[in-house]
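Two complexes, one shared chain (chain A), two partners (chain B, chain C).
Right after this comes the complex of A and B.
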């Protein structure tokens, strides 16, 4: 049942039907969240979940490892999709012709496995799932020597959650700029990459302050969107949010956005699960942060939305009301709760 | 209290001047439904991965089913055009300072955003709606902004959280008008937002797709190539038959302009955030980006597109695709050939199938045409087998268009007009009378001076044969491939030495003479000889000699 995971906790190794049922629920939970640009790329996540299903890999992989904290597939599963996609053409080139496999596959076990491999890798080659981890730097404005960019980092964090960290900053003259520019081509300097990979999953405000401390850098916005945790019924009930599930098919997922930006007019915490950073600090540390806010001119908002099944909905609603937040809660359509009807849309 | 929709306060003109400016802005959109493009654009800029558009008509009176008595196409009611996104939404500051203020967009100059001028939303008023309702939310605060017909608005705080922005354009109209407008909405979305990278749905149907020349209403796959460069995506292809050549310019999949293409037979689409458009977005500025894109289009159309066409045709030929699939591809290649020289790699591609099924390169077909060794036939036959064995290229006639293009726009001749191949008659019951007819005819012809080596019986009427109606042919080498002009009968039979006459067993006259030759071989031979020599024309003197000889031999045979 258990196997190693990035979080170091025992992972859930789901076999066959349980894995398929889990993927059906995870797909529905992510799809119904209607993820926009603040979150990791929903389409890429759904495409990778599809590639993990037995319909795609044809039983070549006997089990699916799921991270216990995030409720998402473990790092090795995401990596498997990525490497299989990268190797697809090469593997296909080494297989006998499809006609030969189709003819002999049903009669010879060796050819049968090759046939399945051929079908799996053909599917990946035909429609490769987009990467779920990437770093993109887009030029927003250029008024040399200053350049304004939007840096987007998608990654899997240490808890196994999918995170998008989007930073808008202006790079002015500096001996060691975070943004390297050649003409209109912009790229993240190694220092920025290291900083983002290290801090992306942490508090947006912390990252804002750390970036703003770099010479020549003026930060406009830091936004961290997170997919997960997911609590599908195939995973054992966990403490915290997972306890809100009701009934044997109870399931829910949360999707949070943490923003520190100069165009916000007020701090606002609409996340029933997290306090603003300032509320967690000692009085002395809070004063430092207040000073940083005045100096850098930013405000902070935190928001979270939920996707939840009908039976668990009242518990999630009560959680939000108790916290005084008004969160978007998408109920799972009945069809999406039934794995037999997968894919739901 | 309702507030007016205004330009920014410091630069604002007088109230009436502001109204005029607003009217001007609203009316600049030639198509009232252009607001759909503006709203979808705003949704994309707001980071939504999907946009759902729908039209809902509600009768003014109590709800009636469409079949209810008294309900007609002219039933009055209200049409709501809903545009929902799940983007970043708006808080009060954005509503007060961006949505309801003209020219106050903070997108201007931001290359990651499509919008620039801060006038997109106002375009909803071009439809002259009775009201526009905007529900929006951001980080826990949710608002309804209700615009009235006079464009004044009221902002209301909502208790229920809203994600993204939901816009309802509300207009009173009849049911038939609503049905017609609903169709126009779908068509407008297809036109304005064909290739947006988000999921754009109308009433649940996905309308957006990748940049392509394909007609979304058909399964036909156009021959096209694409090229991606930083901030530029091009698709160049052949215009489907029967359609005009089109050039489309897009910004992140939103249509800027579609106009006639200046490249004959070529249509293309250019998508770039760098393509600049006018304020009213109905023209593309012909700037450096535009010129660079056109340069790439021309380069693609004159090289990679042709190579792709040739490669596609070669693959289809190799997969033994039927003529209806191959003909359009060959027609395109023919058209390209007529327009100018094709790249060398295209000429090395196999682009035609010979009558015997061999795949032929464009270069070899062209060389054969230049050497007058390219022919057409209706079907494969022993004749085409022999021709191809001798290096003559023979194409089934369904490939006439390509063959003509390669032959200076003159349809190559049909092989059956130039070559003949008699087939040996198989041994059988006809052999004995055939021997009589053959020997008697040989004797008679030699008697009048024809240097005929032998007379044989063969077949000239078989599927794909060259001269099924001839009674015989004269050949140097019997049953070998011959040029039709070298097999002439008549005077040539008398003049040319060392010929073998091959009688056509399929000819009606020969079929009649074979049984006759059993009892009257001389009479049958006389008739056969006359058939062979009549094209001389047969002089009375020669005819007399033939007849005299035939009679002499008959008398001799009968002992008279």
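Right after this comes the complex of A and C.
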């Protein structure tokens, strides 16, 4: 896919009712996926989706921009939740007194907007949505001069998908260590952050290889969990997985995990939509690639699970069977397919 | 009921059929003024209250101006930061192909050091920062809308008071006119009478009573006249404030809309980063976008600088007009000398600002009295000239960017 194609794609702007319906479906798809620790935090994603709804912002934002390829809200919308949460206290401090807003809000447009802002930002200040993007470095083991850490990066990647890149490595002596340590406090060096940022959207073993090449670094595991793409009924049908939707309420979502680790016993590809990296290389490159893998000593597993409505279930099941994979497919409850009846919480 | 002499005088006058003769009953007439009674103290309190309210509005306007300066400074900082990112883009070496590029990373092969920054990461962080600034500016515009509405409510309220005072002034003037006519007529009737006559003495008593009423209601007339004048001046100042805020809100709204459009473009470009295995085209495209965005932001910076300069000039003029030094008012109302202090402070601030912008050291200033309620921003906190000059020079001269 060329950069020009991606950058030229417009977002899908949903208005009011369509936006609410989309958010209800997206919430149901993410909730039913039963996301574990390998994925970006489901609670944060659901809280952000709720903050994007008109129930929260009271109509301050008339439309919602959705990435058609990922089926998730666009960067602009995730950023809106983040900036509004960050500015909530500041905005509330600049509002007129609540009594004045309550008295004049219903009759005057300027006060009316401030009244809505008061309600919206109060809700955000009371219960701020957790960040969907963050970098956490956890100390696992300290045996000076070596330190074993788990680095977790949650981010929205360039495709509009939510990604969790989790790395377990051991940092030994190095002129430019990737893990900076002061006592028991550890932090990721800027070079490591940049590397994770660049590679998070690619195969886990690419990141494994690049980390293993760094002086003093011994990589144990790299795991990339991805939320999306989502295919809710509000978005137009797109080529590929979206074609599996059936009926006007057809909807499905996928959630993948890509792991490269030294403690895996064998390569395993249980992802019907992706080949292993080695299978995508030319014959000439594959030999050297295999040799490098033996030296580094890792294995790769890929897996993917689905959430799908009842009507689209047979098509997705057939897809997995055709690819020879055995994937978890969660059917959407009947109530979740109707945004009007589905409770948001 | 008056004395026998007064009754006789009443009868004499009442028997005079001349319609131009003002009867003695004018001395007992109840003059009804609208609203609460006015005194020197109550009028002073009213004017001081209105001026205090306006002081607060000007202070708030000054705070809004400072906030506008902060937003402008942040935009310039973002411009510098985006320029740095553009330099980072130039430093990134694109890999010719996926495996070929990774070969250099396999242990045993020579490789270069890791790049310290991810272009996408820098762009995303900067995008978030820019989005925050634009959101702050939008909230700023909303607060201005409320301030503007409050000022229009203030104008309505002042108009009501002005109308009431004007009506009372007319009432007082009408009564005084009739009272003066009565006194003139009584003086004329008294003149041919003997000084010790009962009628003359009674008339003299009426004249004395009339003088007293004249004094009382002439004061009322003067007070209502003063109230109409001062409240009208305050209303004019309030209208100027509201017009200034309306202009600023319009300018900032335009800036927010333009900046939001640019941010939408950037968010679309950020999507392109990392989407392709070969980053060459992406980087080149991004660099071109950044150059375009830098230029757009440069134009926006100039726009904001112009807005801030307009704001500054109008606010200074507005504050200068508010500091009216009214000798008559002072004589009758014992005006607080802080009014004159505030005018001096405004003049001093302008002298300092002009001196510093001319590059010279400040000239000798008059002795400064204690601070007035309204303080104008110093030149150090608001360098609009440098901002304007930096904007004119464009993005290629970062040294000229305001700090």
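Going forward, the second predicted complex is superposed on the first by the 334 of 345 C-alpha atoms of A that agree within 3 Å, B and C clash if a C-alpha of one lies under 4 Å from a C-alpha of the other, contacts with A are read in each partner's own complex, and residues count from 1 in each chain.
Basically, a contact is a pair of C-beta atoms (placed from the backbone, for glycine too) under 8 Å apart; a residue touches a chain by one contact, two chains touch by 3 or more.
Computed from a predicted model, the values in this text were never measured in an experiment.
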{"item": "Contacts of A:185 with chain B and chain C, given as first, second, both or neither", "value": "first"}
{"item": "Chain A residues touched - chain C or chain B, whichever exceeds", "value": "C"}
{"item": "Touching partner for A:25 - first (chain B), second (chain C), both, neither", "value": "neither"}
{"item": "Contacts of A:231 with chain B and chain C, given as first, second, both or neither", "value": "neither"}
{"item": "Touched partner set for A:295, first chain B, second chain C, both or neither", "value": "second"}
{"item": "Which of chain B and chain C A:259 touches, first, second, both or neither", "value": "first"}
{"item": "Which of chain B and chain C A:96 touches, first, second, both or neither", "value": "second"}
{"item": "First (chain B), second (chain C), both or neither touched by A:214", "value": "second"}
{"item": "Shared chain A contacts, counted only where both chain B and chain C touch the same residue", "value": "none"}
{"item": "For the chain B and chain A complex, residues of the former touching the latter", "value": "46-50, 86-88, 91-93, 106, 109-112, 137, 139-142, 159-164, 230"}
{"item": "Partner chain A, residues of chain C touching it in the complex", "value": "99, 102-103, 105-107, 111, 113-118, 120-121, 124, 127-128, 131-132, 135-136, 139, 142-143, 145-146, 148-149, 263-264, 267-276, 279, 281-282, 285"}
{"item": "Of all residues in chain A, those that touch chain B in their complex", "value": "34-38, 42-43, 138-141, 148, 150, 185, 257, 259, 263, 265, 268, 270, 301-303, 305, 325-328"}
{"item": "Chain C contact footprint on chain A (complex, rising order)", "value": "1-4, 6-7, 9-11, 67, 74-76, 79-80, 82-84, 86-87, 90-91, 94, 96, 108, 110-111, 113-114, 117, 157-160, 176, 190-195, 197-198, 201, 206, 209-210, 212-214, 281, 285, 288-289, 292, 295-296"}
